[in-house]
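Chain IDs A, B and C follow the sequence of writing; residue 1 opens each chain.
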Amino acid sequence: MRSLIDILDLTVEELDELVKTACDIIENPKKYSECCKGKKLATLFFEPSTRTRLSFEAAMLELGGSVIGFSDAKNTSASKGETIADTARVVSCYADIIAMRHPLEGAPYVASLNSEVPVINAGDGGHAHPTQTLADLVTIYREKGRFDNLTVGFCGDLKYGRPVHSLISALSRYTGIKIVLISPKELALPEYIKREVIEKNGIPYEENDNLETAIPDLDILYMTRIQEERFDDREQYERLKGCYILDPAKLENAKSDMIILHPLPRVDEITVAVDSDPRACYFKQVANGKNGRKALILKLLEEAEKNPNKCVDTRDTVSIERCPNQRCISNNERELMPKAVKNKDEEVLHCAYCETTV
Amino acid sequence: MRSLIDILDLTVEELDELVKTACDIIENPKKYSECCKGKKLATLFFEPSTRTRLSFEAAMLELGGSVIGFSDAKNTSASKGETIADTARVVSCYADIIAMRHPLEGAPYVASLNSEVPVINAGDGGHAHPTQTLADLVTIYREKGRFDNLTVGFCGDLKYGRPVHSLISALSRYTGIKIVLISPKELALPEYIKREVIEKNGIPYEENDNLETAIPDLDILYMTRIQEERFDDREQYERLKGCYILDPAKLENAKSDMIILHPLPRVDEITVAVDSDPRACYFKQVANGKNGRKALILKLLEEAEKNPNKCVDTRDTVSIERCPNQRCISNNERELMPKAVKNKDEEVLHCAYCETTV
Amino acid sequence: MRSLIDILDLTVEELDELVKTACDIIENPKKYSECCKGKKLATLFFEPSTRTRLSFEAAMLELGGSVIGFSDAKNTSASKGETIADTARVVSCYADIIAMRHPLEGAPYVASLNSEVPVINAGDGGHAHPTQTLADLVTIYREKGRFDNLTVGFCGDLKYGRPVHSLISALSRYTGIKIVLISPKELALPEYIKREVIEKNGIPYEENDNLETAIPDLDILYMTRIQEERFDDREQYERLKGCYILDPAKLENAKSDMIILHPLPRVDEITVAVDSDPRACYFKQVANGKNGRKALILKLLEEAEKNPNKCVDTRDTVSIERCPNQRCISNNERELMPKAVKNKDEEVLHCAYCETTV
């Protein structure tokens, strides 16, 4: 049995296959409308996220299955002191597959080790949100027909933007990718991602603090929101923000087949006037995300049928005193042993739960 | 494609047809039990209203469809700054029809202009709640067999009672209607409704501050709750409230085939002893409301299939600086242009979103 | 028509039949997968309880039915002053069966007298939670094959532990039962249960404040959580708590076929190391609870079809001034007459709603 915690848990081949299944579902929805008859998805949202929850629920219903769950932690046994491990075992008795959102990093991973059914990470703090990346990839494939030989611009908050980090990781496994990082210095991509992902994979990249000058080269523009509260200096924010707002004027020099992505919700970083531009693909992304989730649910249920044994951690780990990340599940759950993963070719150790460097 | 924002969006003929479909559903529920197989209703309740939400959900399930949604705004993307327009576009990717409740007036209308699927207004502040009126009309038709030649009393809070305003508007399109307004002066029907609806349609009406003297003439008695907090003077409230409580004694002089309606929930304005009177129809109204909603869902889905184009505002509008109603969506949503509707035969302008006179 | 408010509403024969149906469902789930097609369960949770709610919902879905409801009182008409009686009548229009959780004792009983469909008590304050007991009984029958000739230990908080009181009542109707009560004095079983249930039924029992010395005789060990806040004296709590924590060491002297039950969620009263012991049955209890609920839903729907008349209270009652229990529904709902049940052979009167001695 297998769960999906991070997009890189999937090989390139598996990911390509998922994307192709999603495309087939989009073309032939009726073919799949009874595939999950009698199956139940549990949406365990310990933190609200309506969009992601509704996407999973719509996906399962369109496959002919049904849904149980909760949308908010305060109504759960967690408030009575139950561990994630116990919750996962209990919910395994009620559902065939689990989608879990949790504010603590690593929580879905702990659930996957204790659940009798597959677990999909629907977002765990700043750690991972693999089905968002799947939505991005399905959209890129549907619109561009390929994952290689693409120049991809990421604009806005590249420091905290989890979808950005994750899509960079996913794309770095293909050939001919070029990356353009467009952000104010305050919100630049973290050094460890440049080093461990981009440079390690030999991806050419450039940094640019101006969307307008960067846009003409791009095949894909991935927009994200700049949050005022990230800035110490409010004046700095006011001076900068306009540079990172996409409007029809800035699109004038863009390629005619460039595609604009955004993980949504947007606030004002893309003006409404852009919505009617044929290059705007962010609402298509929403539908593609739902169909990517369908492909994933199908795949994990199929694998669980073939091999119903629980997930086990087969990685080479070492005990550590504690993970330095306060928001790691290992610092918040009883009877969970802190440990780190030891890669063969690296000296760096990562927490086995939240992947923070220890 | 069409949405339902206000009961008057429907012509008299369309409304009659809806009521007849509802009656047919009541008589032959099995005939309709698979009509919406594979269809999804999204219940977007930005404000809690359990009764209305459960009614919509039961309706969709009894048509063989399924339901996604939320019951409370705090768990939504709106809290992250997403506009109603964007929420509507996103949810269009997940559902085939939307029922939206929102505290801001005009919000479901904005949703309907942006959604790719039909939107039903499930209550927007003090503005409209057309499916409550549909429940009232189905009950009147089931119990009295007609919409004309009826003397209808409205009792209680006629000032703030949205169901009262809406039912008066709907009935004013039929012939032979007489209206009796029974309320303390503090809670009298607003002048503009008397003028623009009752008088304009030439409906005879009288005002009465005593339920007991008014009751003998009535074919229909529509009760509503008087809320203590509406009164500046608490003593005044205490002195008055008994006059507007319906009990078996006050029913003694009522016609034997009068029917008693109430939008529910009731507090103490109808005593429990009345429940067993055969004239009490307020619990029947609940079931009729569910079946009216089924008829409406069927009709809107059918129209959407024939014409899948988005709703557009084809009314003659003019730009205004701002709507005077603080609770209007146009004062609360980014990038929404304030505008007013210009009727040919009137000098009065109404906000294009919330219908407030501007 | 019949509802289930207390486990003792069922005769021993009916309970045995329910348990056997549950076992058949476990063995042949497919046989039951369409039994409730077109039927709806309403889960009315006026107080959050995710585990119980999800269990009911999974049960109904696995029977081919569907679910509506709410998980939290604050979003309901109750907050607008609606009575339980009215809520029950309204929800009867939307669903075929109701599972109600309520913080006020007796609330599901009042609902059952007003509903047009069967009501299952899903927990009403400290009063009753019959489907938890059903989960316990299904597990005992599946694991031990009988309900008689069993030595049953109850450990932990026996004072406030509703599942303990209820299981003792249920087991006291079988022969050859021995009970061992294992708790600190502060949390001993209430005298009235010893007197009115255990002694009245001639059940041999012993009290013991040490789990380790009590364990060797037991066929069943029912663990519960000791809550620190129950103790006036914190030091006392710290000194005692270790004695009531089940770990592999304490299990060494237990019978090899003893079974360990726990109503869950657990905090630390059973260590994780016990989970892999084949005697640990608390996660099996979760699945058994779901299947017990399926058997119950089937039975009540079947009875309602045969006899659709409302529940009526046929007991011999007398009016009382008020119930001494502040948390009794009769002290919190308008127009509800306080009354007590008069048993033939007893002088003690019990509140007709919450069963408190008056």
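Criterion: a contact is a pair of C-beta atoms (placed from the backbone, for glycine too) under 8 Å apart; a residue touches a chain by one contact, two chains touch by 3 or more.
Just so it is clear, the model here is predicted, and its values are computed rather than measured.
Novice: Give me the C-alpha superposition rotation for subunit B onto subunit C, in degrees, nearest 5.
Specialist: So the angle, rounded to a multiple of 5, is 120 degrees.
Novice: Suppose you list every residue number at the subunit A-subunit C interface; are over half of them used by both chains (same) or under half (different)?
Specialist: Mostly different residues form this interface, as fewer than half of the numbers used are common to both chains.
Novice: Report the inter-chain centroid distance for subunit A and subunit C in whole angstrom, where each centroid is the mean of the CA atoms.
Specialist: For subunit A versus subunit C, the centre distance works out to 42 Å.
Novice: Quick check: what residues of subunit C touch more than one other chain, meaning two or more?
Specialist: 66
Novice: Taking the touch rule as given, give the residues of subunit A at its contact with subunit C in the complex, in rising order.
Specialist: Residues 38, 40, 42, 66, 68-70, 74-77, 79-82, 85-86, 89-91, 93-95, 334-335.
Novice: In the complex formed with subunit B, which residues of subunit A make contact?
Specialist: Those in contact with subunit B are residues 33, 48, 50-51, 54-55, 57-58, 61-62, 66-67, 71-72, 264-268, 271-272, 283, 286-287, 290.
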